[in-house]
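Take a look at this one; I'll ask things after.
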Amino acid sequence: MVPALILLLVFAALPALLAGFDRGYFYQIANLALIFVLLSASMHLVTGVAGLLHLGHAAFYGVGAYTAALLTSKLGLGFTVTLPLSGLVAALVAFLVALPTMRLVSIYFAVATLAIGQMLYLVMLNWVDFTKGPNGIIVSKGFELFGVSLSGRLAAYYTVAAVVTLSVVAIGRLSHSYYGNALRSIREDDQCADAMGVSTVRLKMEAFTLSAFFAGVAGSLWAHMTGYISPGDFKFSESILILAMVVVGGLGSLPGAVIGALLLILLPEGLRALGDFRNIMVGLVMFLSILLLPKGLLGEVSALRLVRRQLGAAWRNTGPGTGKGEGIGWR
Amino acid sequence: ADTVKLGYQLPLTGDTAQYGQDFRKAAEIALTEFNAAGKPFKVEIVFEDSRSDAKEGTNIARKFVDDKEIVGVLGDFTSGVSMAAAQVYKDAGMPQLSQTASHPDYTKISKYQFRNIATQAQEGPYNAKWMAAKGFKNVAVIAEQTDWGQSVVGGFSDAVKANGGTVAFSEFFNRGLKDYRSLISKIERAKPDAIYTGFFYEDGAQFLKQLQQLGIKTPVYSTSAAYSPKLIELAGGAAEGVHLTSNFLPTDPSPNVQHFVEEWKKRSDGAVPGQFPAQAYDAVRIMLAAVERAQPSPTREKVRDALAQTRDFPGVTGKTTFSADREAEKDLVKVEVKGGAFVPVAE
Amino acid sequence: MTAPLLSIADLHVAMGPQEILHGVRLDVPEGAIVAVLGSNGVGKTTLMRTVSGIYRARQGSITFRGQPIANMPAHRIVQLGLSQAPEGRQIFSNMNVRENLVLGGGEVGLGELDRVLAMFPILSERLRQNAGSLSGGEQQMLCIARALMRRPTLLLLDEPSLGLAPKIVAQIFDLIGRIRAEGVSILLVEQNARAALRIADHAAVLEDGRIVLSGPADQLRDDPRIAEAYLGGHAH
Amino acid sequence: MFDPYYLQQLAIGLSLGMTYALMAIGFTLIFGVLNVVNFAHGEIYTLGAFAGLVLISATAPPIVAVILGALAIGALAGFSLERIAFKPFRRFTDEASLKSRAMRESTLLSSLAVSIVVREALEIVFGSQMRSVPFDYLINTPVRVGPVILVTGDFIIFGVAAAMLIGLQYLLTRTRVGLAIRAVSNNPLGAKYVGIDTDRTIITTFVVGSMMGAAAGILMGLYYGAVFPAMGFTPGIKAFVAMVMGGLSSIPGAVICALILGISESMATTFVSSGWSDMVAYGFLILTLIFFPNGLFGARRERV
Amino acid sequence: MTHLLEIRNVSRRFGGVQAVGDVTAHVDEGELVGLIGPNGAGKTTLFNLISGFTPLSGGSVAFAGRTISGLKPNQVARLGISRTFQNLRVFPNMSVFDNVSVGAVGALPQGAFGALFGGFHKGGRNRSAEISRRSWEALEAVGLTHVAAELAANLPYGQRKYLEIARALAMRPRFLILDEPAAGLNDTETRDLAAFIKRLHGQGLTIMLVEHDMTLVMGICQRILVLASGRKIADGAPDAIRSDAAVLEAYLGVDE
């Protein structure tokens, strides 16, 4: 809970900082960064925790965004309804494609997700009658809650921050629980995990579906935030971008995924002054960060150390002999 | 005001940077001229790189909107990014003039969206008529799978049918496709009299070369988007005989065209500008003219109104008038590739 | 007295911030079997790996035939005639038994193949089988066989009897004796202290990264401390 | 009789498949056989093409010299790539790192970062537009084979790919170097114990694989007549897919799957539409993996 | 009375190798059985056949009266058979506690829902507590509580062996199979391990173990099965086995 509270505080206090500048630009970047925080956190579940390279995440983000956009433009539904539905539809699609493919392991899994992602992208692009194809869709409604508009600068920010915080906390709970441990065991040694009674196929499927759910939620946020989506927003390169966020931050660490997302969204914006050279700089920073900290900025191990140092006493105090040993191990 | 600021969002890096870089060059030519003309005020253009990425495009839009001194925005390149950014400009009341955004709904977003490009609703029927006049009744049409390609096929096919012709074959390909041979064989199987194509020069050059490889002689027609000297450079002899439309001819003897072409050549190792840089050059000048008309104290609203009143603006792409729905009405010319050059066809 | 074949002096090795060996000194005379004993995790394997050039020494020297080899690249050390049958076997599991042995032969080639296969007949039945699909004991034999392929001057064996059936263990120790008789010196790490002390000429006991006891093997065999710690309690 | 139209489409598919195979060979050597995650191969391919182009525009040498030039650049690029993006990550020997997933994937990011830097740098130096290759150098003169039309390049690419394939197969299965490559990929620590210079083996593999990548790049440049910074991307993905579909470590497998991909794309264009052709190719991949979870020619997983 | 584990005419071929051929054997509730045999005799393969890792080529395996051949390893595990591996397989980048908890999770119904909303409803809270309790218990049984927060990769070899056993115990199995638990331990450590296994057995756990250390096997096992070349060549009390001519010939060697 402690990191969740910190997160909450940071997110809540940020506008106070931003308000001083009175710039919509900062809010925009904050919102965008938050959306990618959610995307990278959701990929963290599959790639960081369960150790499965996911090369098609952006497609589920797209499915979510398209769900929101289509529900809005065809049925006139608002954000309150599209947000959960986007997640559910993305999860459903993920579940269906996962059925035949989740038995795959290692790189075969990765290339299957690549193919799935590309196929979904092609559907968005080529099924013109349904998705409007390359024409994209204008999403005429902004954020709202049961009809109350939240599209003001601050309200929009808080909407995004609230959804993202809740989702990240949920992902945190999942990955720092016995459930997360079961997923981690798949990453470490799936055959051995199998022998321990962990049903690897089912868990992989769940993790994949759940991560698609959160990606779908992120998609809905994006659709309502920009007001216009097109297939180009969900290309393969976006999947790679999200993957890079998870890796830069430290594969296996949720704070790492969050920081990686912030870094890779803020850095290119921050480097605008460099003009045409800024993307080279982004590449260099990525390279240096991984070179100096090969386990990522907050790798699994260092993250563990951090937690342990903080909760060192708690660890010892909650041993079985102390009477309050229940429920620890993952806080 | 002494200095007026404009924003220009465009892809300066990434896969489409070649277009953005050209736009910046064209804009700089226009701006230098304008500022050198001894006006009582100076104009400054802020260029921001969007990488043809909607995320970055909207970020830039917010940034421009925040800057109270910016009274008008040019760009973006692709419709997707232009449309996403337009959502921001709509709310902020910022006039936006794109040199290329071709999405049919772009100008419908709000009264602040303008574009300086002939739409396919105009170009399609024009070409259909041209082909019908040549006696091509049974035609094939292919286009890239983008919003623009969609409008190419739509605008053209309807017109063909209206003229009593038939569309024997119609298909989209993904942009950046390298190998068109399968598609070409398939087109040929439908035995069309002519092929109408919606592509940019990169895809066009590949298509034409492979058409030649397969020994196919069916005449090819295309849109102004393919009008670039790079088409001939890349396709070589294979481009020979291609028909297309354009509203810019570097060979046009009129002084403003020649001036632009000269300036362009100076900055591009002697290369001749194509259709898109010309559109960008005109777009910038149209915007500058609007700013001038909105003097002495231009605001976004005033610039918008001034833009809307653009009538018969004498650009290098012909005279431009914004219709009530902020579309540019352009005069098209017919061009054919002959002897390794674009040659106007009089017919 | 001639200089020892392998001489380790004041060796310090660290993994990250943690130092594992704190000044080990050990000699392997020409033609001798030297056994290193010690409980789990005291650094025996670390010592062996450092000698083979897998780990870097932080401080200290290792000399092999008078040539300093500390921090020399692993492959050069092997080429000098020092092979190891390492802990964890480190065989090539996706390659077949024959390919494993060929790799073991290195530039020296396949001259030893027949002789080595004669020592481990079960391997000759499995030449085309993937090494990874061998049983645990078979893999262990392959690992030792691979180290022998180069006809080393000094052979390092890290727990060679691990996972082998009693009969084969006896054979292995027998074999170690025979290899020595051919003039190969051997540095042996072994949990089966009884058997190790029986065939070794010298022995050393490693504890917490330091040699705490060393001397001729028969003396150590009678040392009560050894009996208590490594031989299951009752003195020999 | 069989409609020559389908024969033509089949031939086109094969020729397309050959172009994927050309890229897949070097890619599979590094990624599949040596087993290091390398996302920068596409940039090597692009560098090869640009090297050839620069050479052509500078001195207009004979075509063989152009290819040799590209090979040299490929070798240099492969060497530097390994030094910059891969070697630094072999400095860790502690066990937690060796077995850490994050460590294993770190070269994914380092190679990705290098590829970003290289591509952006190419864009700044050469611009991102397509550059044309002088027409004398193109290898696209039509050749009629019975009812089917191909171009000279198809035969050249076939020849080069076959030579690379046979050469590599020979190298990997018959020579000591090949054995060493497989050993390093299978168990780098074990390789040290048998006296293999792992660093040198890895560099050699990178150099050889990158030379093949660069050769593929320039050949494709001459084949399609266009060279541009992003040209490595699509073939890179196709090569990746072909490699995995073929079973990761099997180069002939990757080549066969590249051909399958090419044919399925042209057949999809024939029977469905061009826009959906990739869909069919990816669908095919998924189907293959459902029935062959380790690729068509992949080894089974190790025993437990 | 039915046996806890019944192996009937089980066989397994790998290409030309008959790893296990027509083996029939059983283990009763509460027994401590040793499985020995030369290297490559098929002991590990037999364990793999029981635990579902390797499909049978012939025969059948039943556990507690129920046929388990054809089940997936995790299904077998949830029926109460848990195992360790010959070549130590801990999860290196997870803490000791987390390693063990995987075993506990494996034995219980798994689902994201419980973990997600665990804090808010009773079932989830109980699950979490239960897993935690079982894990601690298992750690305590092997005496590793003091390193619970350590990364498994940082443990010395001997502790890793115990960790693997603890992980298997956290599943609260009915039947525990151990593949060479004493490999790599010295005599003193082996003696401790033997005492530990005996203690587990004393608590009512049925155990079957493969081992090459005869002191351990002969010292603690009630009954010993001997495999050679994939076939069962003997089955009996330690004393009988020790003097069995076939076993001496195939396995023990003449002097030991």
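Per-chain residue numbering starts at 1, and chain names A, B, C, D and E are given in the order in which the chains are listed.
One rule holds in what follows: a contact is a pair of C-beta atoms (placed from the backbone, for glycine too) under 8 Å apart; a residue touches a chain by one contact, two chains touch by 3 or more.
Everything numeric in this text was worked out from a predicted model, so none of it was measured.
S.K.: To get from chain B to chain C along touching chains, fewest steps?
M.R.: So the least number of steps between the two chains is 2.
S.K.: Which chain's C-alpha centroid is most distant from that of chain E?
M.R.: Most distant chain from chain E: B.
S.K.: Work out the mean Cα position per chain and let me know which chain is farthest from chain C.
M.R.: Of all the other chains, the one whose centre lies farthest from chain C is B.
S.K.: Counting only Cα atoms for the centres, state how far chain A is from chain C in Å.
M.R.: Roughly 50 Å separates the two chain centres.
S.K.: For chain B versus chain E, what separation do you get between their C-alpha means, in angstrom?
M.R.: 72
S.K.: Determine the centre-to-centre distance between chain C and chain E, using the mean Cα coordinates as centres, and give it in whole Å.
M.R.: 30
S.K.: For chain A and chain E, what's the span in angstrom between their mean Cα positions?
M.R.: 40
S.K.: At least two partner chains per residue is the criterion; list those residues in chain D.
M.R.: As it turns out, chain D has residues touching two or more other chains at 95-96, 100-101, 120, 275, 278, 303-304.
S.K.: Which residues belonging to chain A are in contact with no fewer than two other chains?
M.R.: 125-126, 188, 191-192, 195, 252, 276, 279, 300-301, in rising order.
S.K.: For chain B, which residues are shared contacts with two or more other chains?
M.R.: Touching at least two other chains: 13-14, 145, 172, 174.
S.K.: Judged by the touch rule stated earlier, which pairs of chains are there in contact?
M.R.: A-B, A-D, A-E, B-D, C-D, C-E, D-E
S.K.: Note which residues of chain D are touching chain C in the complex, please.
M.R.: 93-95, 179-180, 182-183, 186-187, 189-199, 299, 302-303
S.K.: Provide the residue numbers of chain A that touch chain E in the complex, in ascending order.
M.R.: 170, 173-174, 177-182, 184-185, 188-189, 191-200, 202-203, 206-207, 210, 252, 300-301, 304, 308, 312, 315, 319-320, 325-330
S.K.: Can you list the chain D residues touching chain A in their complex?
M.R.: Going by the criterion above, the answer is residues 85, 88-89, 92, 96-97, 100-103, 105-106, 108-110, 112-117, 120-121, 124, 237, 240-241, 244-245, 248, 275-276, 278-279, 282-283, 285-286, 289-290, 293-295, 301, 304.
S.K.: Would you pull the chain E residues touching chain D in the complex into a rising list?
M.R.: Its residues touching chain D are 48, 53-54, 85, 92-93, 151, 153-154.
S.K.: Looking at the complex, which residues from chain A come into contact with chain D?
M.R.: 51, 53, 100-101, 103-105, 107-108, 110-112, 114-116, 118-119, 122-123, 125-126, 187-188, 191-192, 195, 236, 240, 243-244, 247-248, 250-252, 276-277, 279-280, 282-284, 286-287, 290-291, 294-296, 299-301
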